[in-house]
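Could you have a look at this structure, given as structure tokens, before my questions?
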Amino acid sequence: MELLSHIGFGLSVAAQPENLAFALLGCLIGTLIGVLPGLGPLATLSMLLPITFHLEPVTALIMLAGIYYGAQYGGSTTAILVNLPGESSAVVTCLDGHQMARQGRAGAALAIAGLGSFFAGTVATLVIAAMILPLTRLALTFGAAEYFSLMVLGLIAAVVMARGAIFKALAMTIIGLLLGLVGTDVPTGIQRFTFGSPELYEGLDFVTIAVGVFGLGSIIASLEAGEDAQTVSVLNQKITRLWPSRDDFRRAWPAVLRGTGLGCVLGVLPGGGAILSSFTAYAIERKLARDPSRFGKGAVEGVAAPESANNAGAQTSFIPMLTLGIPPNPVMAVMVGALMIHGVRPGPQVLEQRPDLFWGMIASMWIGNLMLIVINLPLIGIWVKLLKVPYRLLFPAILLFSSIGVYSVNNSTFDVVLAAGFGVLGYVFAKIGCEPAPLALGFVLGPMLEETLRRAMLLSRGDPLVFFERPLSCAMLITAAVILAVVLSPQIKRGRNEAFQEQP
Amino acid sequence: MRVRLRNQQDFACGVLFLAIAVGGFIVAMDYPMGTAVRMSAGYFPRTLCLLLGVIGVYAVLRSLTVEGEAIERIGLRPVLLVPLAVLLFALSIRSLGLVVAAFAIVVVGSLASPQMRWRETLVAAAVLAAGTVALFIWGIGLLIPVWPEF
Amino acid sequence: MRLTRVLVAALAFAWVSAAYSQTAQPYPNQPIRIVVPYGPGGATDIVARILGERMTTLLGQPVVVENKAGGNGVVAIQDVVRSKPDGYTLLIGNVTTNTLNPIIVGKEMPVDPFKELVPITKLIEVPAIFLATKVNFPPSTIQEVVAYAKANPGAVNFNSAGYLAYSHLDFIQLQKRTGIEMTLIPLKAGAGGGQIDLINGEVHVAIQNAATVLPLVQSGKLKALAVTGDKRLAGLPDVPTTKEAGFEGWGTNAWQALFAPAGTPQPIVDKIFATVKEIMISDDAKKKFADVTMTITLSDSPAGAAKWLQSERVAWEPVVTEAKQLAKP
């Protein structure tokens, strides 16, 4: 078994004491920054990069990778506890995870998120080891047309997922897409919606929007609802148990399996892979559930599926970097930079020339996941105690931490001011019953949607049929159309019924 | 027939969507449209604004026909004070340093809650200021001044 | 590790206390900031970090790299220009941020980097590779690409990261020089997708910096038709330079240089120059940069750097002005 010998070789590299120590350090730092609202892996990696100068390349990479997926674990903690997604892929976790916390089931939500992520991480490690070359080929078959169709499918999934009226979800998605367009239009160099501020030329940052619309918006809404007045915070009315119930496990495991599979495949695609996989996983669970109305009210599948999907995706997103040296996201770009500082140029030759680097890295992913679950499960008790802090003391701390986080992204006070503005917007959305999750997805996918549409039209020299002539693209568009039709039909019927009932 | 507003939330949604759509469209008028083959900077935003506008109109019409939820009373105190606290943080972090900025955001932020108690808030601010300096500056090494620069 | 933490803490503290008591100790007596106009991990960031680490050792003060992305360098330049010209804030800029973009944006620039910054020294050049896809694209020299494009007007796709980025300018010049017509497929700056599109054949040709794409060429995923610069690359001994391929004077060598705010005292500028020179002429640095396909190209003095930058500006201005006409959106 070649696969086993590769993994064994990798484990022998990753299990060297120094590598283990730095994997642990990376996981700890990652968990910390993930938990702190707003502070993302990118700012941290930029600060910690100098430490890696004095390490072996493989050790440096192992530590940086530990930070990366440590932040994913930590990010879901913040999403569940205080309803603030640290990363775009944690947006969906907020929906049911935070509701579970409000019902006193924070422990169960955290444990399911952690165990689901661990399972997904384990599977993803094996998938990478076994199928790295076919998956690389998959990444290469995606041209502009396929990407465009994939995003359309993803956006439709977001609309499907939303609670409440579909027209609101559609509108929120469009507003997100518009926000994503802020900045320099690359093909023409025109500044769009920047109103003359150079700070906006590069576009808005996700953290600014997440802290504003999700974090500040929900703080204002909670204060208005008088949650600070309760002597005991709403968040901890009755923390019944720390561990998921048998029923939770029964519901969660199929969701974890589906989420893992979806994440493994979508993660390979550079760009929106991770966020698409978490949204789509959630949408699938909601569609499969016997009682979809439980979603958004603390359904455990709503935590299990997206969490395992985004962790699997985070891991398979290493594939283009490992096999081609092409970083799919800014965090990976830092890893490429770290390797280059060590004189290693990531690329197809790494597998042959530096198998220690290649397999050691893959094996360390699994070790990192193991460490993270060992770190995170005992922490659950502490996090849940954190909820005992009265809300009137908790929310100013969240304000402070998230403001520092926003500032740290680009060392920019302008971003903090923007976050305050988005806070008001987030409050308005809450007030008029608009769910902000589709906005987040639209924001992340907006620039890519436009770019791939324009590229596909240029490449086909203006023939829109290109989206249907390519089988993969066509299949995705048909799926999107079917989903939309399925969802719209009962809505139309119900809408009519309501209208009829109102006739006097 | 008398037109009656049956759904305040939908109506507000419609107005907000229309405002964003019209505003966005006017701004995007400055960007060249291009052609379907060679879409320029204006193509995508104008299309999106049109779609959003259609949804806005739908929401307004719906609010006049379908019964729905009213908008609850607005609590001005948190709406004003929470963003203000964040703004004060933004204004002070560069020049006055993390300690002052932390006090500003925690104290002003706490004022947003009627349950605020001065002594408790000041203690919390001091603890949080010390904690964030230790964590963010000593721990992670962010490039933020701690004290005012003169 | 704990040591590093304590060290970082101590340094932060030292920095802050230093801000209080600007004592008369000789430069440098407090940490130095090198601002990088991009996020961490890119070529400019790598140069800043390798340099910063060695400067820390030589100057005895921590040299920290601060990433400030935005507006093709405008945000970083603004930050540096607004800092005190005391040698404690420096900028590493490149051909895009400090020459092309200011010329492209022109009067609308909120700052004038030519006036408000002074170059201390040019640091390195990054050669670029003229690449072609291996999928359904026969040409394997620049001449053949030109012939192919003549036979199939508009059929050859090239990509470029950003409006009037230097690779875009190079292609505009190539089209003008040979009278061919090619189609631009724009890319979002910094997106790795550019290479995937070349590998899978959606895009036929591109010019990309050698540091990034050399492994893809060496492993046979992409064809290299030529390299910019006057020397062949050590890693690609069989690939001709653009000059050898019959296109003398065509193809940009991207550069990076160290800048300080205008008004920085000459002795401090000289001191920084001497320090950087000491670092860059060491064998260790030569190897380090050669490993990532960057060539050290130091100015002979800060005055020489100023002259060189002026010549860059003069050389680019007509090119950009003409390209702007041709590439009207």
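Letters A, B and C mark the chains as written, and numbering starts fresh at 1 in each.
We adopt the following convention: a contact is a pair of C-beta atoms (placed from the backbone, for glycine too) under 8 Å apart; a residue touches a chain by one contact, two chains touch by 3 or more.
For clarity, every value in this text was computed on a predicted model and none was experimentally measured.
K.L.:
Count the C-beta contact pairs for B-C and for A-B, then tell me which is higher.
P.N.:
Contact tally favours A-B.
K.L.:
What chain is most central when centres are computed from CA atoms?
P.N.:
That would be chain A.
K.L.:
Roughly how far is chain A from chain C, centre to centre by C-alpha average, rounded to an integer in Å?
P.N.:
Computed from C-alpha means, the inter-chain centre distance equals 32 Å.
K.L.:
Chain B to chain C: how many Å between their CA centres?
P.N.:
Taking the average C-alpha coordinate of chain B and of chain C, the gap between them is 37 Å.
K.L.:
Measuring from the mean C-alpha position of chain A to the mean C-alpha position of chain B, what distance in angstrom results?
P.N.:
Measuring from centre to centre gives 21 Å for this pair.
K.L.:
If you look at chain C, which of its residues touch at least two other chains?
P.N.:
Chain C, residues with two or more chain partners: 66, 329.
K.L.:
Where in chain B do residues touch at least two different other chains?
P.N.:
32, 40-41, 139, 141, 143
K.L.:
Spell out, as numbers or ranges, the residues of chain A touching 2 or more other chains.
P.N.:
Expected reply: 185, 187-188, 190, 411, 454, 458.
K.L.:
Under the stated contact criterion, what part of chain A meets chain B in this complex?
P.N.:
Listed in rising order, the residues of chain A that touch chain B are 29, 32-33, 36, 39, 43-44, 47-48, 165, 167-168, 170-171, 174-175, 177-178, 181, 185, 187-188, 190, 192-193, 216, 219-220, 223-224, 228-229, 390-393, 395-397, 399-401, 403-404, 407-408, 411, 413-414, 416-417, 419-421, 423-424, 427-428, 431-434, 450, 453-454, 457-458, 461-462, 464, 495, 498-499, 502.
K.L.:
Per the contact definition, I'd like the list of chain B residues that touch chain C in the complex.
P.N.:
Interface residues on chain B, with respect to chain C: 32, 34, 40-41, 97, 137-139, 141, 143, 145-147, 149-150.
K.L.:
Quick check: in the complex, which residue numbers of chain A touch chain C?
P.N.:
Spelled out, the residues of chain A in touch with chain C are 25, 42, 45-46, 49-51, 53, 139-144, 184-190, 198-199, 201-202, 270-271, 320, 324-328, 330, 333-338, 340-341, 343, 345-350, 410-412, 447, 451, 454-455, 458-459.
K.L.:
Over in the complex, which chain C residues touch chain B? Could you list them?
P.N.:
5, 8-9, 12-13, 16, 19-20, 33, 64, 66, 329
K.L.:
Going by the contact rule set out above, which residues of chain C touch chain A in the complex?
P.N.:
1, 4, 39-42, 45-46, 49-50, 52-53, 65-72, 74-75, 78, 104, 110, 157, 161-164, 183-193, 195-197, 199-200, 202, 211-212, 214-216, 218-219, 221, 287-288, 291-293, 329
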